[in-house]
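Below are two complexes that have chain A in common, paired first with chain B and then with chain C.
Here is the complex of A and B:
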């Protein structure tokens, strides 16, 4: 753009063009950009969410957060769920994608079925599983399906208070999270597998490679970019899981199923500490960005290798 | 002899592959079957009868959940929010994506990358300042407030997807329309939108699923039972009728059926959308 070329028709033209993007920009500015900056501002304040005035406290919220044992414990819980999702869920998704990436009967059926849990809401999934894992008893008989089956198959010693025992609650949530999520990884990985040129396999086979060699020397290297996308999205999704926690165990069973987002919610709606909740949000966001940057730089290095 | 061994090996391998896939298919479907089965029982039998197909089917739970459980209200709220948000997103995002792809104005790239950057930066806890903003604007506990927030949630991804699509479209048709005297808005309406139908289908499906399943904003922004969508209503219902499992399962079925039906009808587009996302990402 040249200042000398200023003219009314051009200005009018630009304005008309801009008006196409205007509704999107205005909605985005109000409901995303403004809260984005507001969360930083609020994190330096003490505010109960009701009074119009708030008190500037500098870094005090962050200092308190560093020593907040429950917060870091919640972070550890999210990391535990993420670790299970990264290993169990992604390996399962990859194995099933490999199984479907061939001329096999009912391939369409499997593809449709595996993606049913991911389209359901976390509330629905959480409440169904809560009922299956239910630990109540009536007339000496287990009501929940899992415990009932365990007693019927001769393993009554395994029947358990799954969701209120601190030892198993988090693992149950992680497993249900994987149940809901693996189909999504499966579809992404299958799509990646199908973009691999079949001629690569044939060429390798002509050169005398067996199935294992084909897998390690053709499939895996070709899949690295897609796998990294799946890994990053799994990490971001699993770290921020919380609706599943709310619908499976609710709040108020001690702190053994707390995850970062439930802590933010508790600070906001439970104790009315909005500033502290924002400090948690900022802290957690920075950690997530650092983790995803780390994975992205790793992916850059892997692509070069 | 050699061929026999080959065939045998293939059959055994195929058997194990199918066994694995079938086991996980059953794992995916069984909880849904169990939900439906329990929704068809009475409060007395659900605790004792564990057979797969219960002796007598009791359809009354659905009617009871629909009226007494307030699910009729929740259901139509969800339907209303989903429709409004999806229509809003398609209009707003396709206009913006068309501008970013085809039209010129100062700051175009800046604004476009602003939308893209929003997708890259995770912002947990953004609901806290959003809640404050809605209170200040007087939009708390209103349908309009929730709809605007949800339009914003789906905007970035939809603009990016549509812009990529418009970029790949040959400009010849639009040029022809321009020569025939069609205005910019006319070209968007009569040429670009109809051509972008495949991309719009993907946007409609993903945003419908997203709005229908949304929970946290509905919880924070809507307090009136008459405004609540299904997901929120389910949690309220569970809080008050926590022991009435058949009724709860009927409610869950009401919330899950529309999603499953849409998914089954549209699953081709969903797979396409996800795979394009995987390859672009």
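Here is the complex of A and C:
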């Protein structure tokens, strides 16, 4: 640094500029940076969340976590929900976005309807679906809407205890999660579709491209950046699902419906192991960051291609 | 102009940093009981009329959210004057150890222990730390019970009659037979909120006490008896038998208690396992419901059935509060006969004051009649490690869904127990 280049007016100017950003930096530090480092610090301690004293245990929480079969099982369940969301939810969202991007009747109405599930509270959605999938009977009749409907339409053999059977419970949660979440993807993909220059389609048509060619050679390449954003948000949202799980199956079904966040909650409030819960949080955060970075680099490569 | 605005802003910021003047005449109470908000508000109004002290009643529900709020407030030292600790005794002890709870022993013992004597001993025990307690808390009373509760089985008289069952079952075998009789006529048997694992724990512990007695249960918690012991297998087996004989209602393992209460109140199941608070809930849902309360039918007729009970809801006083004495005075007033009778009448809960029992409904009397048979983890000399308890309860869920045998679950729970014991020794 050249000492001759120093000038008071410039320093004053810089300080003045910095003072405008200062409140935001303070808020960001208090509400984002500090909690992040505190969680990291707590993950090296044994603490019940109440007592003023805590015991430093080094990496013990992380070592225990590596061997915690239930934690990795929960991670697997979140991955399963994410996989269903990435495929079923996003394909549905894209198909509906494509449909609404065309000149169809009542497309504004559809846009509103498809965006209703995402704005509903997850607890409400969970409780409504719990009622739909309910397995109980009264006076020989199913009370749950799905089982009642199956019985009425001549398919009583398909009536099932959907949420209390380990074979179907997690899939039911995943499907409801997709139902609730596809609206976000739909809106983002629709916005992306509407930014594609219509002249590209016209030019391709003049060159003799059919609908399929238009889709594969114009729509898909132009939508790659939006699709990647949708994919990253889907992964982050699906891996962190938990309100739906709690409202649909509570703490039930052994460990079959556990997801990472329910495990973190159980460690924090069920077994009062704050340090261990923080270690879970750090581990989970690192995994999510790694996944996001992987998708980001994939996005870069696809853009170059 | 700019300088003036800047100066004013700085003054406001500095003013914000200053200490707020304490309002010493307003006591703040945090609770989680949605059904009692109106009654509390009414009592607070009456108290203000009588004493001039304002009591601010803040409701934070559901109880999980309330617990999180209390823990977070304790961490940041912003607890209200009066609050409740809805957690294990170990956590209650941590609150005391951290100086968040006032020791009320002296106040209870004043005037020949008049306040203490007016309340159910079982209810006070939940808030009491005795001499030589394992938590190393100074012996004394640290909380005020505002009602008492116990958790029993309920039976629907009409549905039992429909299945040809004349009397509610008195033995476990009779319960299994009743479940089968109900199944034959298409009525679900037992419903309970076993999607909330503490309720499974409660049911299992009732039978553990009945099958092997308190001493052996405590010996297990101390690590002296393994969960693979035949008596524990018998406890796990109860759930297998209930499942195999079709006594359990569909989806019981994923049912929150609110839904289970709805099922029983709307006559979708003949039996329920629920606490005395249900009288209020069922009354709201179906006023024509004809039901009675009974102890869970014992497996071992030679040992009495012990059920969970004691203080239903208790409040503690914030030790750091400048309004500590006023908070204690309000709680004392709240547990007096008239206020307790009002609360019992309004909310259909069992009063903690013995003298207020006279005017409670018949069904509540059935609950009150077995208070002597109640016990609770908070009064036991030892408590199981929470990690082991979670494995235990989840294991029972696995038995109910037919995934594991009692022996497998016992083995798995014992493995976790040994691991946790090893950790404690380290």
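Quick note on the criterion: the second predicted complex is superposed on the first by the 276 of 305 C-alpha atoms of A that agree within 3 Å, B and C clash if a C-alpha of one lies under 4 Å from a C-alpha of the other, contacts with A are read in each partner's own complex, and residues count from 1 in each chain.
Rule of thumb we're sticking to: contacts are C-beta pairs under 8 Å (C-beta built on N, C-alpha and C of every residue); 3 or more make two chains touch, one makes a residue touch a chain.
Given the structure is predicted, the values throughout are model-derived calculations rather than measurements.
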Combined model on chain A where chain B meets chain C, clash or fit: clash
Which of chain B and chain C A:18 touches, first, second, both or neither: first
Contacts of A:290 with chain B and chain C, given as first, second, both or neither: neither
Chain B versus chain C as contact partner of A:270, first or second or both or neither: second
Touching partner for A:49 - first (chain B), second (chain C), both, neither: both
Which of chain B and chain C A:138 touches, first, second, both or neither: both
First (chain B), second (chain C), both or neither touched by A:278: first
First, second, both or neither for A:261, with chain B first and chain C second: first
Touched partner set for A:163, first chain B, second chain C, both or neither: second
Touched chain A residues, chain B compared with chain C: B
Touching partner for A:249 - first (chain B), second (chain C), both, neither: second
Stretch of chain B, among 20-28, 56-64, 92-100 or 218-226, that runs into chain C once the two complexes are superposed: 218-226
Common interface residues of chain A - those touching chain B in one complex and chain C in the other: 49, 138-139, 143, 269
Interfacial residue positions of chain A with respect to chain C in the complex: 48-52, 130, 134-140, 143, 161, 163-166, 169, 248-255, 266, 269-273
Interfacial residue positions of chain C with respect to chain A in the complex: 64, 67-68, 71, 74-75, 87-88, 90-91, 94-95, 97-98, 100, 186, 188, 193-197, 249-256, 259, 263, 266-269, 386-387, 390, 394-395, 397-398, 401, 403
Complex contact set, residues of chain B against chain A: 14, 17-18, 20-21, 24-25, 27-29, 31-32, 34-35, 38, 47-48, 50, 91-93, 95-96, 98-100, 103-106, 108, 111, 114-115, 118, 121-133, 148-149, 151-152, 155-156, 159, 184, 188, 209, 212-213, 215-216, 220, 231, 234-235, 238, 245, 248-249, 252, 255-256, 259-260, 263-264, 267, 270-271, 274-275, 277-279, 281
Chain B-facing residues of chain A, complex: 1, 14-18, 20-21, 23-25, 27-28, 30-36, 38-39, 42, 49, 92, 95-96, 99-100, 104-106, 109-117, 119-125, 127-129, 131-132, 138-139, 141, 143, 145, 148, 179, 183-184, 187-188, 191-192, 195, 226, 229-230, 233, 236, 240, 242-243, 246-247, 260-261, 264-265, 268-269, 274, 277-278, 280-282, 284-285, 288-289, 292
